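What follows is a group of structures, each given as structure tokens.
One chain, subunit A, links the two complexes that follow: it is found with subunit B in the first and with subunit C in the second.
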Partner chain A sequence: MFDGFLAPRYIGWMIDGLGVTLGLSALASVIALVLGFVLCVLRLSPSRPVAGLAAAWLSAFRNTPLLVQLFFWYFGVSALLPDSLMAWLNAPHRIGVEAFGAPWPPFEMLAGLLGLSLYSAAFMAEEFRAGIYSVAPGQTAAGRALGMTSTQIWISIILPQAVRIARAPLAGQVMNVVKNSSLTMAIGLAELSYAARQVETETFQAFQAFGLATLFYIGAVALIGGFSQLAWGRSSPPTGAAR
Partner chain B sequence: MRLALTAITLMMTLAVAACGRNDAPQDRLAAIRQAGVLRVATFDSNPPFGSVNPTTRKIEGLDVDYAQALADKLGVKLEITPTNPANRIPLLASGKVDLVLANFTITEERAKQVDFSIPYFASGQQFIAKTGTLTSPDQLNGLRIGVDKGTVNEINLREKYPQAVLVAYDDTPFAFTALRNGNVQAISQDGPKLIGVLANAPDASGYEIPAFSISQDLIGVGIPKGQAALKTFVDTTLVELEASGQAQRIYDRWFGPDTRTPLARSYRIGESAAVAAH
Partner chain C sequence: MTAPADEPPADVPVVIDIQGVSKWYGAFQVLNDCALSVRRGEVLVICGPSGSGKSTLLKTVNGLEAFQQGAVTVDGVRLDDPKVDLTRLRSRVGMVFQHFELFPHLTVMQNLTLAQVKVLGRSQAEAQARGLIYLERVGLIDHRDKRPAQLSGGQQQRVAIARALCMDPVVMLFDEPTSSLDPEMVAEVLDVMAGLAADGMTMICVTHEMGFARRVADRVVFMDEGRILDDAPAKAFFAEGGVRSPRADAFLNRLLRY
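Up next is the complex of A and B:
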């Protein structure tokens, strides 16, 4: 069964796939972090309708399978859009000024990015919320006793500590984004898993194709782990008690 | 001298014995005539080649009609055994059936294990597109085309039309949904399969299967290895069926314009593959 390693041409396909996986994951992680923070703030809003809506949104995205969400954005929503818009979305054109613009991404990429970002944002929102909850209530009380306004308390006391606590789980969520991006192969996005499957179909070298894909995923996730280690060092996050 | 004679006698005896062993599976054609029954394996769930008719509970289809025509020519009864893709070669090799007519694509690999008649049907890789948008294979290089993951169709398109953008989906219905949504401009599969997909679509009238194919799979009758008389009989009968017009009638019954699965006939028995493949 093991008949040598993959031909260079197929390794090239896999590297192209890895590029798509990394690009998609990076974009989706940034969008999900920003959106997740916003959702967390809405979820903690003193206004009950706003907090309720945010809670409903979060549970909808957290409690349904990502695969179904991707099918919804790719097959479901595109069926509702007018034909002319779909034709425009699928046509090859460029974004931005000529020569500096990037090629327009295929609709598979847009739907995959949207689906992955919204799904991951819901999880990241909850990581932020967990971080905020783990700042001891005494911290807020101490701020008040010093005569700080509640905005000052949030910006100077709660958020810096919450982010420090949440950043490790958030890095874990970014790793999940990389792994979850493999599901976009179901909507035809040519990322790493899709490329591995394609190589396997052409070469019948299943072990080599999926083995290399596994190594690439491990490498990508290790990179995120290494980066977070470098950025934050080995210091353990505060436990909520004042230091 | 005596030794030489003995050796020659021994060799002749061995040769005769060897011949006898070659004939051991006997002449199958003679055996069929003697038994008065032609045993044929067909598909039972692959319309319109072979599937169970829900009202008569009998297997019917294009392959069954050809099998019946062969039995009629022999003047024997037809006995159908249902089969599936994986079972076709074992059924033939074990002698449980005399012939296999089950959308059996002729390949070099299979020809090592069974003999094939001349082709009686060809299915090619075709396309579904919005009516009027795809008329010639030259356009394929500029299109986004949906294919099924892991199929020969995908590989074939990539080799022949490298500029076409291929998007692979899990199966043909998914690919067709993507076409209806406008995510791809055409989808590609074997012609008969595409007809089946189109037949079930609520808005089928807006789509068509352009009358060209970019590959051709030839379908033949599977015959046990080494049965020369049986193969000659099948081949000549198929040629006669084409000459008498019966082959066309069988085709029209399953793929004609009035059927649920209309498909222009692209291959005639006796034609060479290269001519029919454009």
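Up next is the complex of A and C:
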């Protein structure tokens, strides 16, 4: 039975949650993109031990549930770290960012960001790798025949094509980051899903709370899709007939 | 070899010299004691059945394929000389591939300037000026700002030829440059190649276009199972009852049946 809209106060909670979700997802995506690229390069290293280690790392992070990884970083690591460091991490101090007035993030935020970033990086690394593999091998031969060095071939021929091929799947991975960020509610991070659950507990308006959360998620994901379309509409090579 | 090539004047320098080259993939021998020398301005056509080692032999010339035995000398430089800068040497050997291998993310002009700038250290302006000369030459000057995907196969292959020419090569290698083209586009590419030959470019062409070989080539080389079985002046090779190994004879008959 529909029992009215959420009170403005609760919508405010949800919007705060959305802010945390967006901030967390944006940071995690940036970290995961950079780290994913580095992991991909290591994975393709000519050195067998390096490539092997990277492969093991990637499969460990891809093949275990994100929820378990979040618990690992939140509970497992806090059990391992010395008490003094934990106390310091949990203390409400400000460093460096003081000028901007940003508060030191709570430990669940650090653990959530770390877990989400590492997990997503493993998937992004594989998207980069797939992109590199789908550049035709003849392209390398063409570069070599022109006298280009391996480094020049990588930078001017392979990577630009690989990134073009990988960017749609990578955008998909960024959408996954937004969706997966909801799991951080399990370690107490006050993001959108957490907020929805709180509102529901407070108001018993489960349909409204989770309905609004759903709309927010759809909006965020659609925004990413829209941005990527906009960005590539300009830079993608024109196809088909002459301009 | 069934017949010695009639020697061009001895004062014309040898550009490519291949001596006793053998190559194995594991136990499988791809090249078997191949020897070939090409003088400046000569046009050589290499033909032979699929898998006979034509592409492999061609790629030994610019060091794209390593080999276990023998020696290759390009313009007086031995490829196995440890002091040789292979990338430098490759930049002076033009190569045209069956599937064009243009860089799809770059415009036609960028395809022509990339290696000129990165490898030869030319300025953008110099590289573009040279690019324009060769685009004009292959008849594609109006297409300089397009991407390869916007061109027909024949046009793409002509761009690929221009890209190689921009590097001022001492020799041009063609590996079946027309065999992935629709029939109506073959002629436009062969015309460009014939024009180059007429201008005195040294060329080694792996091709099954026997009309081109007959009309443009100075010499024809026939390969089978990694060996050079024939190396003869084109005239003699194609003549009725000409100097041909039995296998070359059978190959030609098969090729010319339809």
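By our rule, the second predicted complex is superposed on the first by the 229 of 243 C-alpha atoms of A that agree within 3 Å, B and C clash if a C-alpha of one lies under 4 Å from a C-alpha of the other, contacts with A are read in each partner's own complex, and residues count from 1 in each chain.
Throughout what follows, a contact is a pair of C-beta atoms (placed from the backbone, for glycine too) under 8 Å apart; a residue touches a chain by one contact, two chains touch by 3 or more.
Note that the coordinates shown come from a computational prediction; the quantities given were computed from them, not determined experimentally.
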Touching partner for A:Ala136 - first (subunit B), second (subunit C), both, neither: second
Touching partner for A:Thr149 - first (subunit B), second (subunit C), both, neither: second
Touched partner set for A:Pro160, first subunit B, second subunit C, both or neither: second
Which superposed partner A:Pro106 touches (first subunit B, second subunit C, both, neither): first
Most subunit A residues touched (candidates subunit B, subunit C): C
First, second, both or neither for A:Glu202, with subunit B first and subunit C second: first
Set intersection of subunit A contacts, subunit C complex versus subunit B complex: none
Subunit A-facing residues of subunit B, complex: 144, 146, 149-151, 154-155, 165, 167-170, 174, 177-178, 180-184
Residue ranges of subunit C touching subunit A (in the complex, touch as defined): 62, 64, 87-95, 97, 99, 101-105, 114-115, 118-120, 145-147, 149-150, 163-164, 167
In the complex, subunit A residues that touch subunit B: 74-75, 78-79, 83, 86-87, 90, 106-108, 186, 188, 194, 197-198, 201-202
Parts of subunit A lying in touch with subunit C, wherever the complex brings them together: 136, 138-139, 141-149, 152, 156-157, 160-161, 164, 237-243
